[in-house]
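In the two complexes that follow, chain A is the common piece, with chain B as its partner first and chain C second.
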Partner chain A sequence: MVAFIVRRVIAAVLMLAVVSAATFAIFFLIPRALGQTPEGMASRYVGRDATPEAIQGAVKRLHLDDPLIVQYGRFAKGIVAGEDYSLGPRKAECPAPCFGYSFNNNQPVWPTLLDRLPATMSLAAGAAILWLIAGVSIGIVSALRRGTALDRAAMTVALAGVSLPIYFTGLVSLSVFAYTLGIFPGGGTYTGISENPVAWFQALVLPWITLAFLYAALYARLTRAGMLETMGEDYIRTARAKGLKESTVVTKHALRATLTPILTIFGLDVGLLLGGAVLTESTFSIPGVGKLVIDAIRGNDLPVVLGVTMFAAFFIVLANLIVDILYAVVDPRVRLS
Partner chain B sequence: MRKTKALALAALGTTLTMGLAACGGTAGGGGNNTGSGNQGTGASGTAFNDAYTKLVNASDAKGGTLKFALTDEPDSTDPGNTYYAWNWNFSRLYARPLMTYQPAPGEEGLKLVPDLAEGPGQASEDGKTWTYKLKKGIKYDDGTEVKAADVKYAIARSNFTSELTDGPKYFAQYLDAEGYKGPYKDKNLDDFKGVETPDDYTVVFKLKAPFSEFDFLVANPQSAPVPQAKDTGLDYEKNVASTGPYKFESYEVGKQLNLVKNENWDPSTDTTRKQLPDRIEVQYKQNADDIDQRLLNGQIHVDLGGTGVQPAARAKIVGKPELKNSSDNPYTPFNRYAMMSTKVKPFDNIECRKAVQYATDKVATQAPWGGPLGGDIGSTAMTPTTVGYKPFDLYPNGADHKGDLAKAKESLAACGQPNGFETNIAVRGDRVKEVQVAEAMQASLDRVGIKATIKKYPSGDWSSQYAGKPDFVHKNGLGIMVAGWGSDWPSGFGFLSQIVDGRFIKDSGNYNMMELNDPSVNELLDKGIQTTDTTARNEIWSEVDKKVMESAAFMSFVYEKTLLFRPSNLTNVYVHPAYGMYDYTWLGVKQQ
Partner chain C sequence: MTTPLDVSGQAMEAQPEAVLQGTGGKAIEGRSLGQIAWTRLKRDKAAVAGAVVVVFLVLVAIFAERPFGGLIALFGDPPNIPNNDLIDPMTSAPTAAFGGISLEHPFGLEPVNGRDIFARILSGAQISLLVAFLATLVSVVIGALLGVLAGYFGGWIDTVISRLMDVFLAFPLLLFAIAIVGALPDQALGMKGNALRIAVIVFIIGFFSWPYIARIVRGQTLSLREREFVDAARSLGASNGYIIFREVFPNLVAPILVYSTLLIPTNIMFEASLSFLGVGVNEPQASWGGMLTRAVDYYQIAPHFMIVPGLAIFITVMAFNLLGDGLRDALDPRAR
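Moving on to the complex of A and B:
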């Protein structure tokens, strides 16, 4: 087990190095290859009336006139050893891991990411619990009551959940439950759990439900399909023939086999969400990683986009690792050694 | 001719309305329309556009929290490093420049009054030296007194450093400070010769050339004082030394700004601001449609951007009289227009430019902005809220504004292109309204045989790499460019100089995209800015406007308007004409 984890961690680090090189190339190499000049890139970080001297100043400050390999080396070194940036009369320290410095909002990227992470984790964790419980439960019931009105109703709702975009369900839920009925607070009310747990919970109920609605629908359909397939297996017939209770057959034998692929997808989904639930955070104005990256894309804030990409890649790699380890727990046929 | 008269009448009506409002006194003097409606319903006993001409929900009640929300975030909260109109309005809550605009709706609001200064600037005979005396006893929020050197330092840091790049650089352009390296490279402020401070209360600006509108320049937040010891460069925005009625309590970049009362602000030195709410909260990066919902529900008080509600809320407001009566439809400082490149064939021939002027269906190009609520159809370079504006229309395109195709064809024949020609319309591809305008224009021009291809470019590099780069414009045959401009100060010079002065044509970051370099326009701009008599100066701006329009290279689509909503729990509301949005320094809240 330990050797497996060490192997996977090394592979994960290598993977992140590749991701960093690839994303750096996308944001810096390709534009240069397409004719973008250092001044053109620097002009994104200066005001609309910037003088040529100011643009040149930004080129120097951001080292945009260095060869790209040197720029990438500086970026990689910043992650390991940190970097300092000039703010005028003083320098800003960007300690390791320094993922760059955003000159759009005058902040190092890493602390900004850490600042945004709790909101994203709160959203992802709550929604994941909801969709896993609701999605799997509905999927099981639907599979066991196949062809009934209950099955059809559940699958219709699931189809709606998959089909409706979050910005639609989010805005409708805000309009109905927040601004018409007044049951929940409106958008922009997210508060940190340490500041006010009650306000934190109230502000997240609608985003949780909105996000979980989409995923629960997917999971219900997946669980239903998996259960229907598993329930037709020989070993289920054998279990029933042995006289086991139906609840035992379903939970201990059928569900366990069904859960294996669902767990894989669950891990990846949560990993992806930790990199930012862009639509949900934007709709409900939650200051999370997803909102940060979409704003950074709009504002051409490349260091932030690069940082979030690395951040998201880290969580996906981590989620994969955890899923692989959990496989052994869920499915005894899998041995990590 | 008939339409010219109609336009003139319309503008006269606007002016009269504004003038009448002005006659009613400053914002503080009017306003017996105290709102008393339910929260968020907008049923406050006020009428549509009331706050455009008078003070609405007048109240001197103190207390409560004034809540703003914004879809974006500021370029910087540092008064010396910002170029957003709403931020120039908002920053006055904590930063006092030498001069500011009179707090009044209508034309009165375009007049300047002293703020940090005791009076308007005293110009030397040659117009190259401007002296301001500071009011005594004005303090920062930490209780220390504002000194003239702090104003000098503020000008130096905001205009002569390569770090603070977001604001305009007018002082660097006009001050006689050749060779000055800026305070971050040269710590000795005495080396900055463009501003002198003979004593602690006198600031003297030394200019390269006479500049009669210098009072407008020092109404910019960049003249708000900054103590050198407290300047942390780009980080200064996180804790600005306040001279206004509010000071920073906390600022989370990209998330939230909280202001609280500044106990060291003395209202006896400040006749232009109020200090009504106990606290001001600003949420950044909020969902645009959700901001509107919260505004309609009274959960927030103001959309800070001042650009108006989104289409969904607009439809809701227009459809319900009780909501419409709580909304205002002011002009913004923006003209939305197309420029035709005088260097791209066949637009190097004025007749071809005229053909476009006549052929364009201006009702169709008005529609993307939201129809009449989004702006009045334009015919000049200057906008109606610019001092010196006079209405005229050199290219009347039909009584219904849908185009005069006969005149267009005449112009095409005169241009030597009787069957039309091919050209390109450049547009910022991520700006939906501008793309729709380009499409409307494309359809209009097609009626006379002008085949236009729409070329979309990213707005981030629009000015530096594409339409603002003459070389790119020529190589790619960008005959028509869809753009917009809002003045930095509401005079003809403030509006026109950057976009029509041929000497401002730059290799990159060029706003005179038509590349108009008419010596008579340039000379008039010089003459105007050296003319001290205001009436004579305003006549010159009008003349410049006419000259520009005679070139036929500039075609206005709309004088932009916006639809602002004021919840009934917002008090002391009026539209400040200098910003085209509510005066943020006057607002109060009705406590529930």
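Moving on to the complex of A and C:
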């Protein structure tokens, strides 16, 4: 078991290295390949009508004229060991993990990211609880009552749910529940939980429901399909044949097999969301990681974009790792391969 | 219920797939997978409805602007022409009731500049479907090729391709796409403006979603590889290339068809999300997601401007999903 975990952790670290290199290449290599010069890249960060000297200064300061491999080495070293930056006249120490400084406000990227994380986590956690409970139970009931009006109604709603863009659902719910009926506060009213838990809760109800609706629909479909497949297995027939109660067959035999893959997907989905629920956060103006990256892109703030992308990749890889290890705990066959 | 000789309808189901000629006096044809699937698909009302809507939308997109100005000229104004005289300068909303919905403007007018929403929806449909189809094509070509190679050869080839899939799936795709499109220069690769943007969006979506196709193709190939007809072909001296393309590949057409049909709505959503976030095609070219971004500021005074593009995305995605689900049920051997 220990050997298995060590192997998976090494694989995860390697994966992060590959992802970071690819991310870096895409941000720096592709613009270069498309004909962007170091001066051209630098000019995006010093303003439209900067003098050639100012642009040259920016090129030097950001080391944009170094070979890309050297630039990547500096970037990777910053993440692992931290780095000293020269910001104009003063020197700044950037402790690990250093993702550099925002081009727009000269703030270090890492603390900004951490600052935005609670909002994203609040959104993801609340929605995840909602969609897991709602989606899985609807899926199970649908599968057990296959072909009934209830099943058909639930699956129609679920199909509609996965076909609705989340920002459209969000806008409609804002328009109906916040502005017309006035039951919930509108967008942009997020408050930290430590400041005012009641306001925090109220501001998040609509985003939670909106985000959870999409995923609940997805999970209801997945759970139903998995459950139907499991209920057709031979061992379910065996369990019934030996005279077990139907409720025991469902809970003890069928549910376990159905839920394992669902929980895998659940882990990965939550990991993905922690890297920023970009669409939900921008629809409801929640100051989370996703909103940060959208604002950074509008402001051409490359270090922030790069930082958030790496941050999100980290969560995906971490979620993968946790799911793999949990799988090995649940299913001993996995460890052998 | 029916006599044994009646081979139509339900009784057909009970017959073995092929009955030797002469045994029953009357020949009963064997049915191919395609015929069985077609019968099943026709019986699935939801899938047929989805297919009808999909065909309708594709035709609408094709005939939106041509010939002779197409449907847009038939029902309204060109998509990028402002109608400032129809807008109330105080509120920025259309002067007429219900967002200016009328015979000349079936879906009403955009707030502020009064552009015809019907024309813009049609124009946006072209972008949406074009991007979704091309991106799906890219990922199907890459995914099918790599998937079949990994599944057929196994060994280190499989290891490399499978790890590659893991890496691709570990990328936060939406973040990536917005970052790349957001950082695009205005002119590159001999293209500029929206043509460049569309090409890059197609490439990103296609290039990052091939693992979904590859995973399914690999799994199917793994089991096909062990089948007797592959052994038979090999014992007759067939080359790997012949076996892959002539023996294995025809059996992969069904799953590829199903999963590419299901990938199209995902890609439509993706393009709309990019446009919604402001990194899709540029104004004045219309896009469904871009219209929703603008609708955010006006939904209190012009709710139709939010509802129309939202429903356009919803109906399109739902139709493709219905068709894809139906195709899967019809073609999936496990469901039979």
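By definition in this document, the second predicted complex is superposed on the first by the 321 of 337 C-alpha atoms of A that agree within 3 Å, B and C clash if a C-alpha of one lies under 4 Å from a C-alpha of the other, contacts with A are read in each partner's own complex, and residues count from 1 in each chain.
Methods note: a contact is a pair of C-beta atoms (placed from the backbone, for glycine too) under 8 Å apart; a residue touches a chain by one contact, two chains touch by 3 or more.
Model, not experiment: these values are computed from the prediction.
**Student:** Is this a clash or a fit when chain B and chain C both end up on chain A?
**Tutor:** Overlaying the two complexes on chain A (C-alpha atoms) leaves chain C and chain B clashing.
**Student:** Let me test your reading of the model: by the given contact rule, A:30 touches which partner, first (chain B), second (chain C), both or neither?
**Tutor:** In the superposition, A:30 contacts chain C only.
**Student:** In the overlay, answer first, second, both or neither for which of chain B and chain C A:22 touches.
**Tutor:** A:22 sits against chain C, while chain B stays out of touch.
**Student:** On the A-aligned overlay, A:295 touches which partner chain: chain B = first, chain C = second, or both, or neither?
**Tutor:** first
**Student:** Just checking: does A:175 make contact with chain B only, chain C only, both, or neither of them? Give me first, second, both or neither.
**Tutor:** both
**Student:** Taking the superposition on A as described, I'd like to know which of chain B and chain C A:54 touches: first, second, both or neither.
**Tutor:** It touches chain B, and chain C stays clear.
**Student:** Output check: A:162 vs chain B and chain C. Expected answer is one of first, second, both, neither. What do you get?
**Tutor:** The answer is second: A:162 touches chain C but not chain B.
**Student:** With both complexes overlaid on chain A, does A:313 touch chain B (first), chain C (second), both or neither?
**Tutor:** second
**Student:** If we overlay the two complexes on their shared chain A, which of chain B and chain C does A:282 touch? Say first, second, both or neither.
**Tutor:** both
**Student:** Is A:13 touching the first partner chain B, the second partner chain C, both, or neither of them?
**Tutor:** neither
**Student:** Running through the overlay: 294-302, 312-320, 348-356 or 474-482 are the candidate stretches of chain B; which one clashes with chain C?
**Tutor:** Only one listed stretch clashes with chain C, namely 312-320.
**Student:** Taking the contacts chain A makes with chain B in one complex and with chain C in the other, which residues are shared?
**Tutor:** 36, 40, 171, 174-175, 179, 282-283, 300
**Student:** For a test of understanding, state which residues of chain C touch chain A in their complex under the given definition.
**Tutor:** Touching chain A: residues 166-167, 170-172, 174-176, 178-180, 182-185, 188-189, 265, 269, 272-273, 276-279, 289, 292, 295-296, 299-300, 303, 306-307, 310, 313-314, 317-318, 321-322, 325, 334 of chain C.
**Student:** How about chain B: which of its residues touch chain A in the complex?
**Tutor:** 69, 73, 75-76, 81, 83, 157, 161-169, 172, 183-184, 231-235, 237, 252-255, 283, 285-287, 289-291, 293-294, 296-297, 299, 460-461, 463-465, 508-509
**Student:** So in the complex, the part of chain A that touches chain B is made up of which residues?
**Tutor:** These residues of chain A touch chain B: 36, 39-40, 43-51, 53-54, 56-58, 60-61, 86-90, 92, 103, 105-107, 112, 115, 171, 174-175, 178-179, 186-188, 282-285, 287, 291-292, 295, 300.
**Student:** Would you pull the chain A residues touching chain C in the complex into a rising list?
**Tutor:** 15, 18-19, 22-23, 26-27, 30-31, 34-36, 40, 159-160, 162-165, 167-168, 171-172, 174-175, 179, 229, 272, 275-276, 278-279, 282-283, 293-294, 297-298, 300, 302, 305-306, 308-309, 312-313, 316-317, 320
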